[in-house]
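Pasting the structures in now, so scroll down.
In the two assemblies presented below, chain A is common to both, partnered first by chain B and then by chain C.
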Partner chain A sequence: MDRRRASQLLAGYRQFLLGRPTLSSHEQSISGSYSKLNTWRPCCMFRVSVGTPQASNYLNLGKTYATKQRSFGSAATDIPRNPAFSKLNADDISYFRTILGERNVVEDEDRLSAANVDWMRKYQGSSKLLLLPKSSQEVSKILHHCNSRKLAVVPQGGNTGLVGGSVPVHDEVIINLALMDKIISLDKINGILVCEAGCILENLSSFLENEGFIMPLDLGAKGSCQIGGNISTNAGGLRFVRYGSLHGTILGLEVVLANGTILDMLGTLRKDNTGYDLKHLFIGSEGSLGIVTKVSVLTPPKLMSTNLAFLACKEFTSCQKLLLEAKRALGEVLSAFEFMDSHSMDLVLSHLDGVRSPLSSSLYNFYILIETTGSDETYDKTKLEAFLLRSMEEGLILDGVVAQDINQSSSFWRIREGIAEASVKVGAVYKYDLSLPIDQFYGIVEEMRNRLGEAATVVGYGHLGDGNLHLNIMTTRYDSDILAQIEPYVYEWTSKHKGSISAEHGLGLMKANKIHYSKSPETVQLMVDIKKLWWLSINFKANEVLTKKSQKVVVKEAAAVTRAYY
Partner chain B sequence: MDRRRASQLLAGYRQFLLGRPTLSSHEQSISGSYSKLNTWRPCCMFRVSVGTPQASNYLNLGKTYATKQRSFGSAATDIPRNPAFSKLNADDISYFRTILGERNVVEDEDRLSAANVDWMRKYQGSSKLLLLPKSSQEVSKILHHCNSRKLAVVPQGGNTGLVGGSVPVHDEVIINLALMDKIISLDKINGILVCEAGCILENLSSFLENEGFIMPLDLGAKGSCQIGGNISTNAGGLRFVRYGSLHGTILGLEVVLANGTILDMLGTLRKDNTGYDLKHLFIGSEGSLGIVTKVSVLTPPKLMSTNLAFLACKEFTSCQKLLLEAKRALGEVLSAFEFMDSHSMDLVLSHLDGVRSPLSSSLYNFYILIETTGSDETYDKTKLEAFLLRSMEEGLILDGVVAQDINQSSSFWRIREGIAEASVKVGAVYKYDLSLPIDQFYGIVEEMRNRLGEAATVVGYGHLGDGNLHLNIMTTRYDSDILAQIEPYVYEWTSKHKGSISAEHGLGLMKANKIHYSKSPETVQLMVDIKKLWWLSINFKANEVLTKKSQKVVVKEAAAVTRAYY
Partner chain C sequence: MKVMVAVKRVVDYAVKIRVKPDKSGVETSNVKMSMNPFCEIALEEALRIREAGAAAEVVAVSVGPAQCVDTLRTALAMGADRAVHVDVGAAPVLPLSVAKILKALVQVEQPGLLILGKQAIDDDCNQTGQMVAGLLRWPQGTFASKVVLDKEKQEATVEREVDGGIETLSLDLPAVITTDLRLNQPRYATLPNIMKAKSKVIKKVTPADLNVELKPDLEVVQVTEPPKRKAGVIVSSVDELIDKLKNEAHIL
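The block that comes next holds the complex of A and B.
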């Protein structure tokens, strides 16, 4: 394609888009997609088991979880409750009332019913008690009591996860941090925010934007998920390609351990090389080591100029090359590089009202969203457009359009963010969140499509910039034969290609027994050993059994995941 | 200052600089400053103690270390050797020869002499054996043998550290990874480099630059320090403000534990949420938990446009404001924000040949170096100059100059990087590497200047963009009275202001017993507990004693530090 033709095309797309009806804003679009989350999920957090480890009801349950997952029903009922855990009694309730007050010790059935099920309604617990602490000291007292009484607990917040990590399995006490939602400080020079762990991500974002900063993470469930849960699940999301992992942006944590010890690691410094950096153990450990109660996070300055392009490619290799080129040409302003295949696009166009392709043809195989964020509108836009022209001339892009205002941006994002919503409208959906090397990124989608044939619709999309593929396989209803064709094949394929079976969703109950596909036996053993530290007063027989089954070892207290966005 | 005047000034500086004599390139300047490192330091790494923990010769040595540090002589001789460690015998040597071959089992006195002392010649060991493994399997065999024989080991590489972490204290076996210097792979789409831990940082940088990428860290000792040592000490350096901590950029590690277990965590994925992310325990733990043998690192694309400004400010508050404004206006291209006071400038101008101020007046109080790195020369330069003009108009900058070519850049960097070199020419230098909240950043420099009066020259400089101050206090000779005026005051002051007593140098032997100034007793206890995991077969009496002395607890196997740059 020559330069003039490419230039005409880009201009043409702009004109076409400017004539389109106005859609809702990007923010509205996101919260609209997940509006249910805001109403029926009050909070979210991460699981902590207290009491004896050999009594843990999460040990050795891999097979049961797998069966459960296949049934897509309640996860709890099939798993035997470990009798070594105590049962809640009236004295416990009285004690909690003395600590928290009458109002924050919840036994109301309706409220418990909502807290006992995850937002996908796949996992169902039967907890009789929901506690609402207002401070780290209250969390400490709760855990100290539960530990001494051998009562199992599960922290829970927005409960927006996809792997069944944030709901009780049986009658665990639910600890909800929703009342710990205070912003403690903001260093306006360095952008260092300190807040309680129950702060809702979107509230933090709004607060920061008024102060000229942004959160380093953004995800669809932001209206419900809490920062403590984001940290416990090492949430990824849309800004990952620009601002990286929470391991790089979380500066400090306060954590309450299972025995009630309050661990003060709440540093606000960018550099601190004094001993082991223990906070990292709590980032992504899905609540199995403690409850995050306070957070210190490095927030980037809010930059004023954002641009968004919606592009079409013929080959997957063109998408790969485009990513490489974008990193070079747009390196410092690139803020998202999102990918979807034509099947994803068709799914959204078929199932979501009011969504249209911004491109005049629908015959493309792959679509890419490139977002840039910088400090200078003119320079940034010119830079993006020059890059797009070059890419069209080189044949990497077949077609494309640059959003001219926030409404057009919203309509582009609506397509990408609508895939999850559209997929559940088909009937049954089997969801996989994989990290894969870039050259293998799309292979599993094609493999599954070949393998399943007419029996299922297979779509691939995700954060290509981070190597994170979301593989959704849809059928009209859940079917164990279909599942048997998918699993363990998808995990084996991912493992063979050195990918990860959980890129950003965590293991949860769904994948606790699949860890060996992504981690070596020695590494899993060390995780088990570390978990022992939190149970120092206990004999380790259960772990010793696990050691012998190194390939089948299960990481205990699976997970809580707070993200609906995927 | 009006806009026209500011503009004239900037133009004037450029003209002035263009007429200056050509200096050596930035690279030459750096390696020149540290040329000695290249010749007499072959390698570097991180300390691992094997054998019984109660037999560790690093336990409870805080006071001795402190005395030692004061003497600025050999650290080893004052510390009693723990007799529970075995002594090397002929059978050990024979065994090592069967594993490594004749050549890589070094008993030569000259080579041992160089490996027994740190580059500052402050810490002196008396090891009789230097081992040069060529593979992870060889490292594993060495450690397995040493563990079973209760032989203490110290890994060592470039040995460029400033806190005495990379040399033996007594007769530890030195394990040198210099022969493990192979690049294993580079994913040219995502910029993910996998290499052995003995690779020298500068070699990795050169390799990557040819491939269009850069290392996410850069530091003055790059010609000697090894990537394994960088990771073990969580090295900071010049690119930290742009690319952040190694916790964000290291994607995977292979580590050999003290018992010889090879821990494969060598992922090459940007996202992997499957269980605890254990690699973070090894980043910055200064070799006390294992020897890093392989590394996977995310390398940013090499961007083509670099600009550098040398600026003068009157007040420290102006430097603070300038940082804030730079983050907003240059956010996506800002790659360094370095600070030095007039005392630092005077020091360099007085003691280093051929160094001149690029500014016509020398009456300024503070100097700032701002570097930008981006993908478009024209846009980036225009953006920087517009920012500088605005800052001059606002009175934040009194004077300034933008480098017009690489020689001018080198001459600017030479001033900043020459401070360390100049400071040792005065006589004695007491060095502190502090992280401080931005509003307290310069306070300790003024405090120390008031406190010491005419007795010492006090200079403050460092990475203002990261809140990392280097405080150097110089006297004509080492003096215990001066030291008593500095310590523990400087640590107490830092602790009181919620800073860190080690921003990027690590604890090493120098600050192992100072950890309580920056970490809570509970956190230190958890570090001790984690260290226990590596010694599972051992009774914990030594640790139990430590527990009771929670405020005085020492993190064992202090540290190896590989960085001379500070």
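The block that comes next holds the complex of A and C.
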């Protein structure tokens, strides 16, 4: 396939990826500080991230959007507004009012301005309407109406995503699931939790802890992000190394498709090999295929003993060896393996209050956080200490500290989780979330430091246990010159080393047209084809008789989805 | 000079405690336990005194069940030179009993300074330090927010946080000091110290060895949770407010 065709396809893919709000809320500041940051937010309900769909509306038309207003941002994602999408009118609004009631149809400017901007303040939409459905039926009616009226919509949850996927590109109707926050049931023997997609992750965690379980994922944004959004972005987080991806822990979903069809795949069974397991398409598709409304999660039992060690290493190769050793020596009790460089430590110490470095000297280059979770405290502690002392004797660790109580553990985590928050305080942050092979892991950070020199502060940190690097480049203000130095170099470098340009944050608006750095043209073509077929199938019943002429029209409209914009 | 520090193993400060269904006490099984925060501060102060050269040895002491050994290991990992564990079995001990045991230990070890946390976060008694000082007839400086030791004159200048402000006392050693929150920030247990701690000694004694008879004078009758805070009510008019204040709150 030639480059031109490939880029056409990519542009097409980008089209239907736009306006899907779903964000992975990793690397977010912890909820308290997060809400402090957004003092302009009148209502915290908009802080939740939800990934949902609306693509079909998008798909219906193959036109181009008017230029999106963007405060600052990453690379050229100026998408003109697609004129095929209709504009909202008073009839639509009154129809929504009849479905949702007066209070949940929001046109108030303050609340809209909050919902129109993302957490990073990089992307700003111009939506004029925010809807707050309380049930899947309401979501279904909204989508059915929007589909028939060709109104673009954007699903939104905690709005904590980092790639601009949770806010409108233009004037899409925002469908925020914050009011769908009921916990439906918990199977206390197997730990299977069924809840609505608008439940905030931290609330679910607190509920589960009382019952002796925990959520299989944990991220800095837990105070604001919603589980629906976590699913739509296939969030990773801090416990990934132990509990794995959401593809493994989500047992079922209820999804509302673009035409209002409620797809009930809300199974609560561990094993169900009956046909294609479609829920995996929705997990991580960032809302481009449907709005997740209910979730069934397999929650692991809460284990009593947690131990946390904060360690210092001199070279990155020591960190790599330590990872291998940790996996061998700690085995089944290892529950987190995080890393940060000395620049991140300096950043956190200088910008956050009440934070002190656990290690007295500042001569170290890399810091590692190792957490173990098990059922026997003494046993785990002995295991961890033996491993750490051995590593120290082998020279892998220069120094380290083991937390003696929960307060100390929280303060260690505060340092690691606070990097994102501290980054934002510097001024402008360019954030990159890369999956890289372990031996190339830190190379990009050093490269960027060389490239940018004094112009920017470059920090690298992340989930070393999962091979996921977070690269933050900070300057005092957003600047297109700096941006030109960073992109597309970062993506090219990642692609050259066969990494992923978005390990857990998703593509969103920021990276939709960068997909080719990590996926082959054939793969993207298949995604586009699936999207096309999907649209066709939900808009035309199987037994509908299509005349030859109408068939052609249908195929043409479907193809229009993938037409390039330029 | 030796400094003796008494530490207590309590429910971790950050844990949400629950009352046992039979109301006999707080649920402590399957709950994270750690060193009392005030005891950590006491130990830190003792270590700083040793590092400043005013003392030669820091001995950590704990009175409690077998698991107290974990707390003593933490103390050794922070830097204490050796530890003594007084094993009293699973029954809870009250401050007076602890004070009697500490008095016996002091008579054995002969420290120049006994430092304790001002109170334990599980019973909030704030009694042990004062009782020990009384039993030993030693001077006491409680709620210390600053301690300065003068080795030659063998006296300690203690600034105490009291309700009216800060009171400064000068105590002749040997003395008892209990520590308050703002005295210092405890150090973390570093790996090199954890490694050294493995070779440090924890001596085990029983109350019988010290000739102390533990006879509880108090019996806990019942432990209940505080009443749940009721939600506030939004009133819609001033009249309604006055009505509520008159008839429901009986304030007007």
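The criterion applied here is as follows: the second predicted complex is superposed on the first by the 461 of 566 C-alpha atoms of A that agree within 3 Å, B and C clash if a C-alpha of one lies under 4 Å from a C-alpha of the other, contacts with A are read in each partner's own complex, and residues count from 1 in each chain.
Here, a contact is a pair of C-beta atoms (placed from the backbone, for glycine too) under 8 Å apart; a residue touches a chain by one contact, two chains touch by 3 or more.
The structure presented is a predicted model; accordingly, all values stated were derived computationally and were not measured.
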* To do: Could you tell me if A:H170 is touching chain B, chain C, both of them or neither one (first, second, both, neither)?
  => neither
* Asked: Is A:Q408 in contact with chain B, with chain C, with both, or with neither (first, second, both, neither)?
  -> second
* To do: Tell me which partner A:H144 touches in the superposition: chain B (first), chain C (second), both or neither.
  => neither
* Asked: Looking at the overlay, what does A:P358 touch: chain B (first), chain C (second), both, or neither?
  -> second
* First (chain B), second (chain C), both or neither: which does A:E385 touch? -> second
* Once the shared chain is lined up, is A:H470 touching chain B (first), chain C (second), both, or neither of them? -> neither
* Asked: Counting only touches as set out at the top, which of chain B and chain C does A:G506 meet: first, second, both, neither?
  -> first
* Asked: When the two structures are overlaid on chain A, which partner does A:D399 contact: first (chain B), second (chain C), both, or neither?
  -> second
* Asked: Per the overlay, which chain contacts more chain A residues, chain B or chain C?
  -> B
* To do: Please write out, lowest number first, the residues of chain A touched by both chain B and chain C across the two complexes.
  => none
* To do: State the interface residues of chain B toward chain A in the complex, per the touch definition above.
  => 187-191, 212, 233-234, 236, 240, 244-245, 247-249, 261-265, 267-278, 280-281, 283-285, 289, 300-301, 303, 320, 323-324, 327-333, 373-376, 379, 382-383, 435-439, 463, 466-468, 498-507, 511, 514-515, 517-520, 522-524, 526-527, 529-530, 532-533, 536, 555
* Structure fact -> Within the complex, chain C is touched by chain A residues 304-305, 310-311, 356, 358-359, 377-378, 385, 388-389, 392, 397, 399-408, 410
* Structure fact -> Touching chain A in the complex, chain C uses residues 12-15, 30, 32, 34-35, 37, 40, 70, 74, 77-78, 185, 188-192, 194-195
